[in-house]
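Same chain, two partners: subunit A is paired with subunit B first, then with subunit C.
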Partner chain A sequence: MTKSNKVSDDLRRPKESLSEVFRACEKSQDFVRHTLTTQYEQTFTYTFFETMVDGQLFKEQILPVLQKGSFSTLRDVKSLIPIEDTEISADPIEIEKRLISGYIFIQFEKADPYGLLLRAPSVERRAVTVPEVEYSVLGPKESFVENLDVNLHLLRRRLKIAELTVENITVGSLTNTRVSVLYLSHIANSENVNTVLQRIRDIDYDEIIDSSYINQMIEDNKHSPFPQLLDTERPDRVASELSRGKVAVLVDGSPTAITTPTRFIEFFSAFEDYYLSWHIASIYRLIRLFAVLFSIFATSLYVAVLTYHTELIPMDLLSTLVISREDIPFPPIIEALFLELTIDLLREAGARLPSKVGQTIGIVGGIVIGTAAVEASLTSNILLIVVALSALASFATPIYRIGNTIRLIRFPFLIFAQIWGIIGITILSMFMIIHLLTLKSIGRPYLEPIFPPRSNDLRDAFFRLPFSLQFKRSTYVQPEHGKRFSIRELLNKNEDIDEHID
Partner chain B sequence: MSQPKKAMYHIQPQLVFFLVHTMQAGIGILSFQRQIAIEAGYQSWIAIIIAGLIVHGIIWLIYEILNADENRNHLPAIHKAYFGKWVGGMLTMVLLFYFFFMATAVLRTYIHIIQLWMFPKVTMTELAIPLLFVVGYAIYHGFRVVTGVAFFGFMIPIWLLFTNLAPLEFGETMNILPLFDTSVSEQIRAVETMTLSFIGFEAILFYYPFIQNGKASQKWAHFGHGVTVIAHFFVALTSFLFYSEPQLKKLLYPTLSMWKIIQLPIIERFEYVGIALWLIVIMPNLTIALWVFSRGFKQMTGMKQKHTLTIGLVLSYLSLLIIQTYDQTVWLTETVAKVGMMILGIYIPVLFVISKVKKKKGETS
Partner chain C sequence: MKSNGQRLIKLSLALLLFITGCGPQQNILDEIRIMHTIGFDYIDDNHFRGTVTIPIYGSETEGETRTEIITDTSRTAKDIKVKLDAQSSKRLHNGKLQSILFDETFLQEGVSELVDTFLRDPKIGMRVQLIGVEDKSVLDLLDQTYPIEEHVARYINDLVDQNIEDQNIPKTNLHIYLARFYDEGADPFIPVVKEKDENLKVNGIMTFNEDRAVCKLSLRESFMMKLLLEELNDGGAIEIALDEDENEFTVLRNIMSEANYTFDFNDPSLSLQIDIDFKARINEYSGQTLSSSKLNEITSATKEQIENEAGALVTQLQENNTDPLAIGMHARSKGYDISNDDWDETYKNLDVNINADVTILSTGIEE
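Presenting the complex of A and B:
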């Protein structure tokens, strides 16, 4: 960190002396610097930020010790105070850093160049709550919170082995955000780990507020609308990804973790798939994939067919379509764009409003505007059905980020459908496929196991096959140990019918 | 794990299956049954099998040439070693332009089909520009993506083959009887025409160094070609059963016309879907051929492939401007096919003999 020539490092000159540190701190009104005289006529100067320090701890554990005792050195103080994390320091940079993060600094004399640092931070933590974005009916109901230590605790409790390695990096020249990179050292591919670590170290930015900042900064292709790293709020999901040899990134202050490398197909797998029986989980995955395809193509096919290829549809269906459109004064593209934008407007308004008002918006938007638009002959009711269904389908994606992408790429498809009909849709689909082929997640192919085709990784892609068949870790992660469990028992089961009775 | 970097940029030998097959299957499969029926009537199914076997032999020859010397595993290097810088360079140039015009002919024919069946008023430029852009986008990201295009060019439209089962409802088995009522000269002409549907796979001569363990890919190349032969045989057979001989000879694109028979509850004219999906079939034709062009030019001139690719795309567009009418398109396709015929039938065997002679010389001296 110190040797990097980032621009942001030059903005703040490191303070050279302790008094300079205090001068900078004293401008804040939550900064406390008092001198205390004990009954033995000894003086202490204690310094801290009252907003960062646990006041109760200070009053009950530290002050009484200082008042009662008679000390000749700081070492004596250190041995008597019942706090483990203490340190005697004279380094102004170190002292500044500690003061900000909730340490108490104790000196004998105000002018002393050294003092004792006591760790007494007050920690405001939200209770661990039920996951809201990735809710599941079955399975654990814990989700990450904003406190990094709590999140690490949630993960350590799930992976009880010493190999769970946590590496901390501080990024952000203003926020000094603590970022933890987690991996299982005996399984994760070291190349993946090093890539992630290196990319995080290379981040040169002043504020890192959330893990999504990191996500966007370490992606392979930053200009692609497709997310290349998976973000999740479920500790069970992260624990499971870690056990497959992936790397997880947790950021202090962020309730979402990032896992990588990620395949495209994983964005369509909900973690509940592992809690349901494998047939049901597989069917749900296929339904989700179908929903995505429907969401992308339905409206644009409507526009293409009604604009150019009316002969493509059979007579009976065509008459239904024509009747529903007979009073509408617009071409299909205007109609479709109007409805698509309305739906996205409703979604956006619903997302920004408090949840109770949001429900009203849903009713007003969905029912009132929809019905009124049809009755006013602004849109056909068939298109309303199609657009509403495709909006619904785009919400079926378990990962929020990919749902946004799908809603976005519907619009270019609409435009291409208007220009070149179904040929336009194929041209753009081909472009999308090629774009997906070019993508990589931390250097690993994004479209795997479709391309490059790997039959082993198909066990947990479109389908989730039973656990007894998941004996190998996915090859695209390139794990150091591929085997998950021994399959010998499985192979011994080929006994004959009614073998036990002679 | 010793060469992870290499593995990233090389392709698995199995993928040669897709590269060979998708390069062969293209525009030809829409109309070849008419051409062979003109040559040898409804007995020309024999020619498909014979041509298929001959091409298997040529694939074997190509692999022998490529495996002859490990340091020279692609055509520009082989040419340079056997014929020297200038003559070898000229020969490479001929092949590069052969691939270039192959891509152009495919693109022009596809645009022609769209103009004929879907949009009579659409201009060539309007379709050529986005298509060439997509092709360029794929090639720009390297051979791994080009292979991916070939993979999807097989996987997405392969089910279209089964739509050929629908016309069999109205099939007439008497059409192809009696079997073997044919003459040798007829069959030879039909074999010649048929081989044209199989050209394109010789791009192996250029992408061979990109394959991990090239020797292992030979069986996949044969397999890919085998699937092409089966697909053509199947399409020809269903067409022969469905159409009467005089009718077939009158149709420009019998495969497309056959799709008209399919009726689904929500799709009336299936050939529209077929034509739209056919874009995904011809995409590998275009990308592989133009990739060969840009790669070969890079190897010959030392220019960056980014630049040779741009040159290829622009040249392709300019030559499309010249080829305006249907007759010109047919002329270009036939000329490319004739050159392809000479390359496969004469040039590759000659190259094979030279490589054997050189190898023997190298061993004796």
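Presenting the complex of A and C:
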């Protein structure tokens, strides 16, 4: 598929002449087009968008040169002005594109069909700050910002080799967003790289505001609730994924990077796992996985057991449960849906409100609604504990996107629990597992290393084994070079310090 | 991808059609009455009285949790459920049933008709305990409060469980009862409780022939049976009398024992050798000091008493034609054909020889 076939390209007809470009631009009030007459009676017409150009640079470096000099050709101007990125152009499309991205266009006469383009953009950039979504106590405290060049800088600084390849693609017919695809050319599988490049090139959409747009557009199964590409705001994480042979996608204007191919299990690994010792990290991973299972199944099991399977309740718990439910007028499913929706409402309200007000919401929700609902016999206090715990557990996921998925899939489980009890939960679990088995991340199996079973990749899945055992790159990435370091060297290193002293 | 999704949807719809019949009956926890115990009293050949205990859970408004009983007489086991439900404000649910009680007459007349109804109900767990009630009707036993435990159902169940787990009663439950009932080479047995002052007491076991109780064993005999049946691993206690006139005795605890059954098929009347490997610690001794000669004396006394009492027990069981030791099963497992009609006769005349190998592991801390 070539670019010209895209529907969105036809909507905007490319401009044919320079005057047409200026006519389109002049409608904006931040467009500047002035004619300057110098002391040598020479005229210059300079054109730029004042909101895109570094005004100080223009006043201090360009204007003085123009005013003092006497030029016969644009080439003379080009040689005298202390800016590297200059170009003489007559192409209206090129000139339009450059003007918009912060170039100054200089002509001798207003009617000249050509002129000199000077790069003088003003760059507003946010300072690199501490990661907020994926905060970690240990490790670097840098997170990506909205500026693509800064983000690339953060990555280049971490992977200091020439093989770190950056390929730029422009997508979005209105936004013209710069998308960078990064990979290590000697490690990354070229099939993976080409798949990602191809899918991004095939995107036909007018606005690409954030990397999550790209994420949703290049996913293998766009209708699955499970995210198939991992998004992260941590440059250290991206650098590490790149060194395992993965492909990263950075989007200008977006502080999150996408890495792929991704396994399901990776959504439950925080990057801090690599900063902690391996046993502690492994336990934390298992706790997170348990939290996820708890979060999905706890409320639906409560509904199933209380509605159908009374005989499963232990004797000692029976009276507590019956007493807590005695005055409640609803069946367990209504009670559970009511509480689950309340919790999700609190989360949603808390996420939309400014942080100061958000705290109030937490207090109102947690204390007032919770206790009041129990006191008013609308819900049982045991269910309140179960729902609150499972909400808490769903927040234990290090990647925000999968946390949302988990909160969502609780609801079908609740409904199936109400219809068929534990049989229903089992049926839906089977469907979910089958769905997960069919999922792929840019063509690589999603549920690996469970299926297809690969023992090598288990080294960094449910457990994170010590670095000395991570001598091979994960096979699901299909890296060009699988070996990370030589095991023989490692064995030599383990000799005693006094081994050769007699 | 699309065809996959469509196939999935079609498959799920097809599956839904298949499982509509599987939709279980709703038993919302607070809309049912949970039966904990059901008991049966024998009235005459055609009538019996059924009694259930149900807990009434108290909330803040209704006061404390208490146990209530519902009772009625009926002709058949199926009918009793209807009659009991007729008295209850909420549907009676038997999923949490813990024990099934029978009075003594019932045990002697045969219980299989009633046990059969429980066997066919998938909601009934196989760990339900069958319990006999001695000297009293089940109704009287259930319609009473005991100071040691608030709920009678809980009391009876925990009492029996505790005695099976840690004390002298060999392990049994509905599952074991049924397995032995349907096996030619074994007979079931159930624990028996009776009233003792204000409380209840486990008073040994009843062993069956077919579905009738034929022989009552005391607690001491129950323990001998436990020794012969189970592999003990740090449990039970036995009192050994050394000199009854001098009131000299010792108590052995933390017993580890295992019984081995060896048949001699060459013997025309079939003979059986049971070797008990018995290890224990001395927990209590009434005399002064435990010298090594005393230890030898204790060892030989223990050996003698176990051999005598176990022997007497086996003879008693043989005389009553009940086989709770599953000797028939042991014989069959060694290749002996017990399916012919005269196995009963062979069992009765079986020559059983018991040999106990006693080891005292430690004598405790002495001053």
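To be clear about the criterion, the second predicted complex is superposed on the first by the 485 of 502 C-alpha atoms of A that agree within 3 Å, B and C clash if a C-alpha of one lies under 4 Å from a C-alpha of the other, contacts with A are read in each partner's own complex, and residues count from 1 in each chain.
Following the convention adopted for this analysis, a contact is a pair of C-beta atoms (placed from the backbone, for glycine too) under 8 Å apart; a residue touches a chain by one contact, two chains touch by 3 or more.
Small disclaimer: the values here were computed from a predicted structure and weren't measured.
After superposition onto subunit A, the partners subunit B and subunit C occupy overlapping space and clash.
Look at A:Leu437: by the touch rule set out above, it reaches subunit B but stays clear of subunit C.
In the superposed model, A:Phe451 makes contact with subunit B only, not with subunit C. Of the two partner chains placed by superposition, A:Leu465 touches none, neither subunit B nor subunit C.
By the touch criterion defined above, A:Leu317 lies against subunit B but remains apart from subunit C after alignment on the C-alpha atoms of chain A. In the superposition on chain A, contact is made by A:Gly421 with both subunit B and subunit C. In the superposition on chain A, contact is made by A:Tyr308 with both subunit B and subunit C. Once chain A of one complex is fitted onto chain A of the other, the partner contacts of A:Leu337 are absent, as it touches neither subunit B nor subunit C.
When the two complexes are overlaid on their common chain A, residue A:Val166 makes contact with neither subunit B nor subunit C.
Taking the listed stretches 2-10, 92-100 or 128-136 of subunit B in turn, the superposition on chain A shows a clash with subunit C for 128-136 alone.
Comparing which residues of subunit A touch subunit B with which touch subunit C, the overlap comprises 308-309, 311, 313, 315, 420-421, 423, 427, 431, 434-435, 438. On the side of subunit A, the complex with subunit B involves touching residues 191, 308-309, 311-315, 317, 420-423, 425-427, 429-431, 433-435, 437-438, 443, 447, 450-453, 478. Interface residues of subunit C, counted against subunit A in their complex, comprise 1, 4-5, 8, 12, 15, 19, 22-30, 32, 34, 55, 57-59, 61-62, 65, 93, 95-96, 98, 123, 125, 154. The touching residues of subunit B, counted against subunit A in their complex, run 1, 4, 8, 11-12, 14-15, 114, 118-119, 122, 126-127, 130-131, 134, 137-138, 141, 144-145, 147-149, 151-152, 155, 263, 265-269, 272-273, 275-277, 279-280, 283. For subunit A in complex with subunit C, the touching residues are 220-221, 223, 306-311, 313, 315, 318-319, 321-323, 325-328, 331-332, 419-421, 423, 427, 431, 434-435, 438.
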